[in-house]
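Some notes on the structure that comes next.
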Amino acid sequence: MNSSENHDQKRKPILSIRGGSKRFGGIQALDDINLDIYGNEILALLGDNGAGKSTLIKALSGAHTLDEGEILFEGKKVNISKPEDAHNLGIKTVYQDLALFGILDVTTNLFAGSEYTRWGFLQKKKMGKEAQTVLSHLKTTIKSLHQEVRSLSGGQQHSVAIGRGVFIGHEPKLIIMDEPTAGLGVKQSREVLRLLKELGQKFAVIFITHNLEYASEVAQRAVVLCSGRVAGVLDMAEANHNQIVSLMMGVDQVVGESV
Amino acid sequence: MKGRAKSKLFSLVVSLVFTFMTLFSAASVYAEQTYGMVVFLKGSEFFNWSYGGMQDAAKLLGADIKTELRGPATWDASQEARAIEQLIAKGVDGIIVTAGDATTLNPAIDKAVAKGIPVITFDSDAPDSKRLSFAGTNNYEAGKVAGKAMVEWLNGEGEVGVSTFPGPNHLVERIRGFKDGLEGSNVKVVAECNDEGKVAAAEAAITAMLQAHPEIDAVFAAHGNPGPGAVAAVKNVGKEGEIEIMGFDFGMPVVEAIDKGQIRGTVGQNPYLMGYISMMMAWGANQETRVDGPHAPPSVNTGVRILTKDDIGVYKSPPAFVSGK
Amino acid sequence: MTDTKRSSQLVSAALQAREVQLLLLTLVVVLIISNLTPNFLTESNLKSVAMGMTYDLIVALGMTYVLILGGLDLSVGSNIALTGIITTLLMQKGVVSVPVAIGIGLSVSFIIGAINGVVIAKFRINPFIVTLGMMSLARGGAMVLTSGYFVTGLPESFLMIGRGEIMGIPFPVIAALLIVIVFDFLLKNWVHLNRAFPVGADPDNAALLGINVNKTVVLGFALCGLFAGIAAIFMCSRLAMGYAQFGLEIELRALGAAVIGGATFSGGRGSIWGTFLGVLLLAIINNGFVLMDASIYWQKVVNGTILIIAIATAVRHSRIK
Amino acid sequence: MVTKMVRKLSEHTNLGLLAVTVGLFTVMSIGYSHFFTLYNMEVIAMGFIQEAIMALGMTIVIISGGIDLSIGSVLVLSSILVGLFLKADLGVALSIFLTLCISGSIGFANAVMINRLRAHPFIVTLGTMTAVRGFALVITEGHPVTGFPKSFSYFGQGYLLNIPFPVVLFIILAIVFHILLRHTKYFSQVYFIGSNPGAARLCGMNVERFRWMTYIISATLAGTAGIITASQYISANASFGIDAELRVITAVIIGGASLSGGIGSIGRTVLGVIFLAIVANAMVQAGVPTYWEKVAYGSMLVISVVLEQYFRFRRTGIKDNWRDFMLGGN
């Protein structure tokens, strides 16, 4: 009927969550979440603050574990209990606060946790070369790889975080971008969006944002979370802003056929 | 809430454990008499000798006499005073104390005496207090004997380096005595170095002193610890056999070095006898005799002599010391 | 033109490096002391300075590592005492052979450190408190085992470890230098040690990136313990005894030296050679003190002042531009 | 009713520790005839009085996220200085005033260095700790300072309403600081500053200025403890106060303050102080072998924090972030 169903017929989802739930003390952060993401698509994850977006991506990236429910990755049931598991599967996350090490240099930041080693020893030359390639790929100019990251500009820091999240370590299959445009100016945001589109052609991308314009610009589909539940799954080509906003706010309204 | 209940339960368990612990060690309550020894640095081999003497004397005086050892692990005069006060509160029958700093201990000692507890000082005296008696050699005298021996060793002419550390008054007194002992000869102290009171620091400090003063003929290691350091230091500057070393006390390392001929002699006081006599006097003060009033001498000199290879043998086996109790 | 510019840039960059600053400072101090006293630059004095700094150096290496991790270890001094006593007691009683005793001793030190690490990581308790408790515990253990007696009568083959010399250089000095070189190399190149930098700089971020922070922390503290154990073996062997008062205050000197060498309390920073120079500087200054017959009462004042000056300069170096 | 009282109590103090303390006290009182006597109570109180007074200041410093290692050294310096001033015939009041000023200024110097150098308080106060104790040695050259006037002995040995003066002073100080921390706007900032200095700064609190205050209080109380010690023993000696900072920190932490800042109260610290004072006395009363004392202290410290952390985790389900408890930050 619509493009997302065509997707379904063409191939299986790369990642699915079935019945995902998570509680913190008295708060139901996630409640019976079901969602799929396919290869070569950008899925926007929308929702108000406290809707459960960050809990969801933390569950996918291994920072939290789900209390109930299962995660299927490439059709197989997987157990993501720590960040390493996610890394090994190829689920890469670029965190909103960038999670950079301010006092360490660019190369160390890029490779932290996924160092190139031979017999446990660091291959510094190889990492240096790779760092250059990644940064030039991101079209970033950084004077020296030995600079402390905290001395870089905001945009440069973003590039380092994205470069690390996407290009370093295991081959990415699913990239999670947590508010990648937060705190950026218009020009830099456009740059990030361009990069997102580019990535979306090769990998599956989950794009978390508050900005509906950006979401409709780059994403094919959107999942709207509200109070820990999936309030709706929308096809971005057909959805309008009002629909999305009312879903986000939890106003009861049947929208679209893809729910 | 559940956590809180657990927490309460847990406190209960802890209290029970405490109960058992204390009741378990409560045996000492039923001892008829307890005598406490207070030292300014527990874990010093010298005081272990004294405590050994005290234990032997107590054993002799009766099976119902218990002894215990107290004192701070790092030297702090006010902590030593506290240890005395804790013993007074415990109601011990006598206190034997070595006064790390006499003036600081005076109030505590007087308090004990006022409570009717006989106090004997040993090794380091607190002469201005109301203590009953003192057993030991005062440090000034010991230093003086050492000084005189040094003059003899060097045939009346030479230069001496001293290894000590700043702080304890007894060391100040000892070195003053040492210098006075050298008086009238051509032997003089040319340098003092700070060994921080530690075995490990002594080697570097003494080596540096020997570097700075190549003319030094002898080293006076003014307390129990720097002796072995002095041996190593002399070796470092390649003057083995040229520089005489005088140690102090007879800790095992010093005894061994004397045995090997690396240290010529050490200033031997008699810590064992100090503990022994002190115990006897403290016990005696609690006994009824035909003599009215206290009958202890104001002080007992336990003597000091320079121990060399010939007479160090006795000290090769220090008194066994099991529990510190 | 550009060449000279580049080289001047290089020079200024080098001057900003903590190690270079320290090296220059040390040279200045050496110049001053050797001018004031002829006895400084003699073979035997240098040898004794080298020997005197060995224990502090080995301990300070471990301390640097835990500082990089963002922690600190107050229990190293007590660890030295306990390890030394266990090792020497085993030998003295002839229970086991010398190598086995050393092996057991080193394992004990490693385990003490690992316990610190496990408690810190597992219960998330500040390293200051945990190691403060361990400091008391281990020292108490050493005292309980010996009641304050020296442990002597050690086999000659054990004593050779501390007293042996190779080409006139005491064996512990050579060993310490080797440890410095190897540890520096490993810290920079071996991934399991190198990860101390990201972990210390920001442990939560490191965990997000899939670095096993718990493992790194436990390994770090265990290593710090092991270094204390190595120092203990050398100390007992050199001084031919085990003693419950060994290693008193060494944690403070090691911390001081590591901080002088560029490590900070906020973690993620620290250099082995910097620490080496820090220990060297302190050793030279303290040696100079004795050589110049300065009053022993002033030594503590000077040491404290050096520490404060070191922090002042270190912070300027690391402040955000 | 009871639960309400318990809850109210738990706001002010550490219930588990309270139970253990009461339990220990009861057991000792039953088991040892010399324990529950007026005289022994006095000995218990006076046996930990230096630490008790200093613990009040340390509590404020620790809640604000700092640490002060220099207090033991300030204690010894102040006890020596007050002696020297008295011997110089400056009169009791002026001597005490000058000594407190000098002590306070050491605290001020600590705070200024921490602020200006942006260095960790641990290392800064480690530096002052070494330097100040060294200075005490320089002044005395190892000789005790003696010969104080009789009138001075009141501060350490006198009684007020049959209670030793230092204990009265401690009670008054504890009440004053309790009220200040709980009920005044200015001092209650300490909790905000301790738990998040950055946010506190954004809320308009002057963190740097506040730090002056905390370290000055800490050092002045250490000075007070020094004066009391000097008066108690009518002498001063360069060995006073060695390792006192460790005992004080232990008391504050066992009471339940957190070194990461923001947690702690005077009530909890007072309980921690009382607990340690009783333990020290109980070990002598029960005849615990002297060499086991250190082992006991070490285990108590570790076990108490491990338990506290365990129960906090059980209650809240939240494991601390690493950066909240490692030394970083500041």
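As written, the chain order gives the labels A, B, C and D, with residue 1 at the start of each chain.
Criterion: a contact is a pair of C-beta atoms (placed from the backbone, for glycine too) under 8 Å apart; a residue touches a chain by one contact, two chains touch by 3 or more.
Quick caveat: nothing in here was measured; it's all calculated off a predicted structure.
Peer 1: Looking at C-alpha means, what's the farthest chain from subunit C?
Peer 2: A
Peer 1: Indicate, using Cα centroids, the chain positioned nearest the centre of all protein chains shown.
Peer 2: Checking distances from each chain centre to the full centroid gives C.
Peer 1: CA centre of subunit C versus CA centre of subunit D: separation in Å?
Peer 2: Each chain reduced to its C-alpha mean, subunit C and subunit D end up 30 Å apart.
Peer 1: Cα centroid separation between subunit A and subunit D, in whole Å?
Peer 2: 50
Peer 1: Centre to centre, by mean C-alpha position, how many angstrom separate subunit A and subunit C?
Peer 2: That gives a centre separation of 44 Å.
Peer 1: Could you list the positions in subunit C whose residues touch two or more of the other chains?
Peer 2: Each of 139, 143-144, 147-148, 202, 207, 268, 297, 299 in subunit C touches at least two other chains.
Peer 1: Two-or-more-chain contact residues of subunit B, please, as numbers and ranges.
Peer 2: If we look for residues of subunit B contacting two or more partner chains, we find 42-43, 73-74, 166, 324.
Peer 1: For subunit D, what residues touch not just one other chain but two or more?
Peer 2: Expected reply: 137, 141-142, 289, 291-294.
Peer 1: What part of subunit C is in contact with subunit D in the complex they form?
Peer 2: Spelled out, the residues of subunit C in touch with subunit D are 69-72, 119, 123-130, 132-141, 143-144, 147-148, 200, 202-204, 207, 213, 252, 255-256, 259, 264-268, 295, 297-305, 307-308, 311-312, 314-315, 319.
Peer 1: Provide the residue numbers of subunit C that touch subunit A in the complex, in ascending order.
Peer 2: 188-192, 194-195, 197-198, 201-202, 205-212, 268-269, 318, 320-321
Peer 1: Which residues of subunit A touch subunit C in the complex?
Peer 2: For subunit A paired with subunit C, touching residues are 61-63, 82-84, 86-87, 93, 95, 99-104, 108, 112-115, 117, 120-122, 124, 150-151, 164.
Peer 1: Which of the residues in subunit B end up touching subunit D in this complex?
Peer 2: Against subunit D, subunit B makes touches at 3-4, 6-8, 10-12, 14-16, 18-19, 21-23, 25-26, 28-29, 34, 42-43, 66, 68-79, 81-83, 85-91, 100-108, 166-169, 171-172, 323-325.
Peer 1: Would you pull the subunit D residues touching subunit B in the complex into a rising list?
Peer 2: 10, 15-16, 19-20, 22-24, 27-28, 31-34, 37, 39-40, 43-44, 46-47, 50, 137, 141-144, 146, 157, 229, 232-235, 237-244, 280-282, 284-294, 307, 311, 314-315
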